[in-house]
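Below is one structure, written out as structure tokens, with a few remarks after it.
Think of it as A, B, C, D, E, F, G and H in the order they're written, each chain with its own count starting at 1.
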Amino acid sequence: MNEDRLRQLLEDVVSGLLSWEKAFRRIKDLPYEDLGYAKIDYHRTLRKGFPETIFCEGKTPEQTAAIARHMWERGENVLGTRCSPESFAAVQKEVPQAHYDATARLFTICSEELPLSSSYVAVLCAGTSDLPVAEEAALTCESLGCRIERIYDVGVAGLHRLLEHREKLAEASAIIVCAGMEGALPSVVAGLVSSVVIAVPTSVGYGASFGGIAALLGMLNSCAPGLTVVNIDNGYGAAVAAAMINRLAERTRSE
Amino acid sequence: MNEDRLRQLLEDVVSGLLSWEKAFRRIKDLPYEDLGYAKIDYHRTLRKGFPETIFCEGKTPEQTAAIARHMWERGENVLGTRCSPESFAAVQKEVPQAHYDATARLFTICSEELPLSSSYVAVLCAGTSDLPVAEEAALTCESLGCRIERIYDVGVAGLHRLLEHREKLAEASAIIVCAGMEGALPSVVAGLVSSVVIAVPTSVGYGASFGGIAALLGMLNSCAPGLTVVNIDNGYGAAVAAAMINRLAERTRSE
Amino acid sequence: MNEDRLRQLLEDVVSGLLSWEKAFRRIKDLPYEDLGYAKIDYHRTLRKGFPETIFCEGKTPEQTAAIARHMWERGENVLGTRCSPESFAAVQKEVPQAHYDATARLFTICSEELPLSSSYVAVLCAGTSDLPVAEEAALTCESLGCRIERIYDVGVAGLHRLLEHREKLAEASAIIVCAGMEGALPSVVAGLVSSVVIAVPTSVGYGASFGGIAALLGMLNSCAPGLTVVNIDNGYGAAVAAAMINRLAERTRSE
Amino acid sequence: MNEDRLRQLLEDVVSGLLSWEKAFRRIKDLPYEDLGYAKIDYHRTLRKGFPETIFCEGKTPEQTAAIARHMWERGENVLGTRCSPESFAAVQKEVPQAHYDATARLFTICSEELPLSSSYVAVLCAGTSDLPVAEEAALTCESLGCRIERIYDVGVAGLHRLLEHREKLAEASAIIVCAGMEGALPSVVAGLVSSVVIAVPTSVGYGASFGGIAALLGMLNSCAPGLTVVNIDNGYGAAVAAAMINRLAERTRSE
Amino acid sequence: MNEDRLRQLLEDVVSGLLSWEKAFRRIKDLPYEDLGYAKIDYHRTLRKGFPETIFCEGKTPEQTAAIARHMWERGENVLGTRCSPESFAAVQKEVPQAHYDATARLFTICSEELPLSSSYVAVLCAGTSDLPVAEEAALTCESLGCRIERIYDVGVAGLHRLLEHREKLAEASAIIVCAGMEGALPSVVAGLVSSVVIAVPTSVGYGASFGGIAALLGMLNSCAPGLTVVNIDNGYGAAVAAAMINRLAERTRSE
Amino acid sequence: MNEDRLRQLLEDVVSGLLSWEKAFRRIKDLPYEDLGYAKIDYHRTLRKGFPETIFCEGKTPEQTAAIARHMWERGENVLGTRCSPESFAAVQKEVPQAHYDATARLFTICSEELPLSSSYVAVLCAGTSDLPVAEEAALTCESLGCRIERIYDVGVAGLHRLLEHREKLAEASAIIVCAGMEGALPSVVAGLVSSVVIAVPTSVGYGASFGGIAALLGMLNSCAPGLTVVNIDNGYGAAVAAAMINRLAERTRSE
Amino acid sequence: MNEDRLRQLLEDVVSGLLSWEKAFRRIKDLPYEDLGYAKIDYHRTLRKGFPETIFCEGKTPEQTAAIARHMWERGENVLGTRCSPESFAAVQKEVPQAHYDATARLFTICSEELPLSSSYVAVLCAGTSDLPVAEEAALTCESLGCRIERIYDVGVAGLHRLLEHREKLAEASAIIVCAGMEGALPSVVAGLVSSVVIAVPTSVGYGASFGGIAALLGMLNSCAPGLTVVNIDNGYGAAVAAAMINRLAERTRSE
Amino acid sequence: MNEDRLRQLLEDVVSGLLSWEKAFRRIKDLPYEDLGYAKIDYHRTLRKGFPETIFCEGKTPEQTAAIARHMWERGENVLGTRCSPESFAAVQKEVPQAHYDATARLFTICSEELPLSSSYVAVLCAGTSDLPVAEEAALTCESLGCRIERIYDVGVAGLHRLLEHREKLAEASAIIVCAGMEGALPSVVAGLVSSVVIAVPTSVGYGASFGGIAALLGMLNSCAPGLTVVNIDNGYGAAVAAAMINRLAERTRSE
């Protein structure tokens, strides 16, 4: 359901084609479908302007598949994060055109093609092991219509690798930086640019990395202003924030 | 020092008025002034487009005042955060027109007036005790030329207070939400809007709030996408990120 | 064994039908049965007025089944929590009429049907992944004779879903709210009602949720008075407390 | 403002004495008074049926006093918790009849005397050092019209002291247990009674008590059902929950 | 190797039967056998007067079996703790008379029968799930010649179960108390007796028990003097300390 | 009150000099004196055989002094731990012969001289900064009639200092080892002796010592059996346990 | 690629055989090979003088094998740490002469034999369970041309085992000490020698060892100067630092 | 006392000038002086080759002064760390030529001038607030005869400041890097050089820096090999390790 349909509904009321009561009931009824275990919130789509997302972890494959199917049948673009291969198998049975990315553990169902923006978000990662999180961020951005530039494997122990990309960094509307272990990369990046850096600590590491806490704390304590942080391994969250910022930049260009 | 002066320098080289070697040395020399204990980085001003900031905590009043004076003598706008009244007294002796805000524990030295943006950032706080952090964020934004709308004392235990402000929230280019204790306000706000929410956990609380850890964890774990987090009590950091985003929105409007 | 039987015993002493010594010994002997590895405490039934519960985790299937059988043979209603399918298989071999709920991982053996109360406890959960804990709470309440109203999937990122249920919330004698991740739902609910809210943090989440610690801290730090907390994933404990409160409300109605 | 006035307002609308618009505006306007730094929420009084409370920590004496005066001028009963002697001095200047309890660090302003309930809540503490928290709980209960029985200094290292009070415990509608250090008292109490036990960990202790964490964890992990927990040193929160439960018991009696 | 053999060696030197150099070399050589990966320390046996123990966790089955065989071949009594069934299978192939206890995950090889003491150590546990730790403690004590009284399933939520055993507790030379969850049992026991209580936190529990931390903290913060603590699940360590104390009591009796 | 008086009381009942009811009431009444804020437990003296102890921290000087006076007036030996100079001043006003040790922050009131045991407990500390805790342990032992050998400033970074004292260590009935920072000393000591080692972590250190947590964890994880641990800085608790063990050794000698 | 080739390149520029631009491009291009998911950094080899290392954890077997093959084809010595048997199988298919050590979970590919140094690094471990970490350190050192002396199973609970090796310790250019549980061994060793001790906490232990945190904290808080620490189980990191120090010692000898 | 004197002593024994018994006693007696509360260990001087150090924190001014005087009277060079101005005042009264550095909170007593090495250690710090720790490290190194190059205020948010010093870094025999907040500087430095980097986390920061834990974790998790870590704020410990390494480099040069 898109904003246009809501506007139509309201105009029908104003023009007398629809009673207020009926319109009110439709608005109230339409966006919910009670599947017994989960209320799908189409209002949120409306509010956020983005496709609906299913966080698959903690849901059974059957629950995931049923929610995905309902969204798809309503013409929504669907994004499923933290989706195991087993859960995706169940989804694909219900929605054959669903597409899965095994590295990012993420599926997409594209009902309506979104054009990619001309402005872009840069996605960086420090090491090869950070790839799943970086790809979750990158693919989520793209599913939201936001163009991506990938700059991977540029950890701080080899600064020259990063410095090669300064120009590409300078042009980005926002930058997502994924790093585990000591999590120092976002600080260094934020010192080089004047756009917002969204730091994603990853659970990559061992011993005193404590599943990403070391990286998380490093990022929260960065002395580089303009740096904000999301939860450990939360590539999806970083992507949504970055795409929101990119929309602001895009509007500028398109006007 | 502003971007114009740098451009001038480079154009002088191109036009032959200045040898490359001299220009290079000037660029390299100018932005640093070695005070013995702190290298002031005017390059960063250049990179970030914002006034230089002094984080006063951990510096002696004398160090703070000397750094502030040097910046001011170069024509910089100066922002001093986490500044005790004692440190400000030392600053004011060196720079009489410095202005202090006791709630936010922050001083500003305005060398060149910045016009406020037409687009704005909303700053929210949950309770009266969060005021110092919220004001640090608000005043920092303003010192960066970013217009602010304050929406204070709207904690989640009284939802109707918050819901009154939905329209003002919907129009903001970015939203800063300061909250201590359980830190639930940013989640609720992010569920209402489609712009980025920058959550600032505050150290307000007692017992199991652990000086802001409870609020920090709550914000990091928010299920509302588009929400990013900064360090506990870091109103300054949130403000810089928000002002960067607001600049993108502003460009759109001004074009 | 119920309170009546104890009263009878004591009256028999008073009326001279039973010597004090014998009565004393019976009381002392009856409630214990030494199975070698666990002393079943029928006194507690007496004290609490509720069926005896087996916490199955950490017990072997054989231990669980033997304890369940002994309780059942004495005419007790039995509740088994945190019961794996393997353990339930062993129980069912001993007590064929035992009933298992796979979502809540809980079994019941009903020796004596309990009428459900007219007053009720509301059980809420924030997301689909919180269902197992919410159902443990709901089914435990029902096994204690306490009527339940389920209000599921009403997380704070979509406030309107929750607000629809305000009336049902207002009528409840107590409210159990299960939430993982940032655990903000109980605060919001407690701000809407004037009955006790029992918050159950769940281990749902990832990264900085630390297996439920983020939710737990959020709930402990709630600024909404009337909110109390139980252990992470402890739906059972919340249910017992809620049922105790509901009994007070019920007495009012039945009088 | 009490419930009657609201009912009156609505009846005036029905009877035509007041237009809906005006009534709506009055409801919306009345309960708020904007003091600049804190919105006083008289709606909450309505919702909760209890006097308004000021959490004084983190507010300046001037802020505290101004809020207290405004509430008092509206005829509210006022409760101020975590109030330093300095803050109370400021309050007393504004509201001379305010009463302060130095042990509980709490003040009350009684505009309208509340009759004490016939049913009661028992307040226990383990040691002399837990007194401030226990008294915060007890005095808060009384300010809410709830009768209290105090049972102090009954730690688990001397069980006979506690066992002497079994009868008084058995009759309580709810029991508040304050304990620091290992926090074992609530478990033992909850094993003796069939009413809800609200455990309040206190920050009493040293070394590995970590300011009350040891007690908090002990209480959360209690194997005694019917036990719920509030934040460290949160006597106020426990009291509000207990008074809510006591109201249910009271209704029974009064009917 | 026992103390007698060492004494003999030294007397042989004094009487001239053995040169000091040779004796010195024998003492130095004898107690070590270098298996490549572990130096077996027979000196420790000498120092402690107890059989040598193998902590099997972290060793391969082959390493465990080889160490056990070498000890056994020297006529040592051997105790193997934290031994998986797989490791024991390897041990049994090398030393057929080795005996395994599956609950305590512990094996013993008895080369020389030790008479049990007349004085005894009491071993308590709070619940059925604490059995493995309690049995590790009990069997270790017995392997050290220390008589044991088992008092199991006497958690604090049912005090009367514990109080029945007061006399047996009063007579013990030392008391080992194993408890998980809130870990309150040792405090209550230490309040009843005048002998040392060695508290063993177990990893039994869930949620905020944090694998035994809650119980550990509870025990460390006990206000009952005479209570000392060992590591989580360390039944073995508690047993060695208790057996050392029991030896002091035994000497009294036997003299 | 001593054990003799209790025995007398019971014999008077058997011989008919006293009715059972009266005896019962006397036993029940005598040991308590209600000071309003603290129930002094003379039963515990009876149970433990040791003078009553006042933990002064968290009590006001007035409370401390009143409790001390009441104990003293009953002819008790009194020990006050964690007593500030201010609190002791109040005590001394009430009980002039009270004696204070400023290093250990401990006072004693000796009503009845206790002879020192012939067997002894060794008290070790790693560094000069651990002295306050070591002295709390040593003086507490002496107040319980237990002879002490002090072996101070023998940290593991200079092993030869410790090894000089091996004989004195070998003869002790129990050993108390106080150490901060890495807390390694108890492990090394326990490897040298065959008596129980009671390890007391101290809060000495900085940075990652976390107020004694590093030392506490080191001691809990010691691989040296026979080592038990008490709370950080809890010299008193270690002393009571050690004195209990020493009594067992003493009985042996005196028989 | 070795330093000689770089020097050659630069000399060719000076002698005019190569234009600066070409040389610059070659330097810039050569050291990188973009495999899509990992940029291999031959510059680092140059900077550090050591073979390139692959941290295999978090990489798929295919990624590991492809990176290893590329390095090997360039004539590099290759070291692969934290390599599972599955990953090594993939490596061996690509590079048949790769050698695997199952204890250390490490593989090496030797393209150019390195002579071992005459000076040496001592590697110690406290127990058999620490072997994997100690061997990772030892084999890494050897792959860097650094001679090793192994001194294993010398925990602090049996000091004499360690003291036997004092001479070998005194001669080492640096000492690596691996220990889990309480982690006291490095402190004791550092007290005996005057060379740098690099402490490696291992995750060996249970309960309150918290996967190596106890050992880590113990080492960080050591009062023995000259002791530095690396991450839990980081034998590799300790080895690189030790080999760097050994190179300094070696230069001395070879001159 | 220096190594020569010990050698002389032993040669006197060999040449018959001194009996073995006397020599043995002298060695044993000389290095200790029992001041009652602290055993001064001159052996350690011997072992380590460095002046004796007094860690003043936790010692009274009187204790500090007495220890300093005794060392000085024996002709030792003395270093006092973590010395408050009050403690230094006491030291100066006893030893007038003692010298104090207020920033580093450190005093030195120079009995015998040490020549500075030709090789050097670089000391870096990230910000002005890290100065006290950096100066403790630098002055300690100098007191050990180790030349220092200071490179201050070169945090990662302004990389160009650091990169200017690459040559000076490359020549150092070891590098000490002090940094608070996110602690990223050591990683970046270790990526640039091939000597050992000793990272010193400082307690500089706020909120989620947790007094230096964030920096500590960042450093422990660095992916740059050759980096080792010491305790938070432990400039002294880093300096001793660096000076030990520098001695190896110096020997090379001087030969």
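As a convention for this text, a residue touches a chain if its C-beta (ideal position, glycine included) is under 8 Å from a C-beta of that chain, and two chains touch if they have at least 3 such contacts.
If you're wondering where the values come from, they're calculated on a predicted model, not measured in any experiment.
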Give me the set of chains touching chain A intersected with the set touching chain H.
B, G
Angle (degrees, nearest 5) of the CA superposition of chain A onto chain D:
180
What chain lies farthest away from chain G once each centre is taken as the mean of the Cα atoms?
D
Centre-of-Cα separation between chain G and chain B, whole angstrom:
43
Centre-of-Cα separation between chain F and chain E, whole angstrom:
26
Distance between the centres, which are taken as Cα means, of chain E and chain A, whole angstrom:
55
On a C-alpha centroid basis, what's the spacing between chain D and chain E, in Å?
50
Can you list every residue of chain F that touches 2 or more other chains, as numbers and ranges?
44, 127, 157-158, 191-192, 207-209, 213, 216, 220-221, 223, 231-232
Under the stated touch criterion, can you name all the chain pairs that qualify?
A-B, A-C, A-G, A-H, B-C, B-D, B-H, C-D, C-E, D-E, D-F, E-F, E-G, F-G, F-H, G-H
Chain C residues touching chain B in their complex are 126-127, 155-159, 181-184, 187-188, 190-192, 205, 207-210, 213-215, 217-224
Flag every residue of chain E that touches chain C in the complex, lowest number first.
127-129, 131, 152-154, 157-158, 160-161, 204, 206-209
Please output the residues of chain G touching chain H within their complex, sorted ascending.
44, 47-50, 53, 55, 173, 191-196, 198, 216, 220-221, 223, 225-232, 236-238, 240-241, 244-245, 248-249, 251-252, 255
Provide the residue numbers of chain A that touch chain C in the complex, in ascending order.
32, 37-39, 41, 43-44, 57-59, 63, 82, 201, 203, 211-213, 216, 231-234
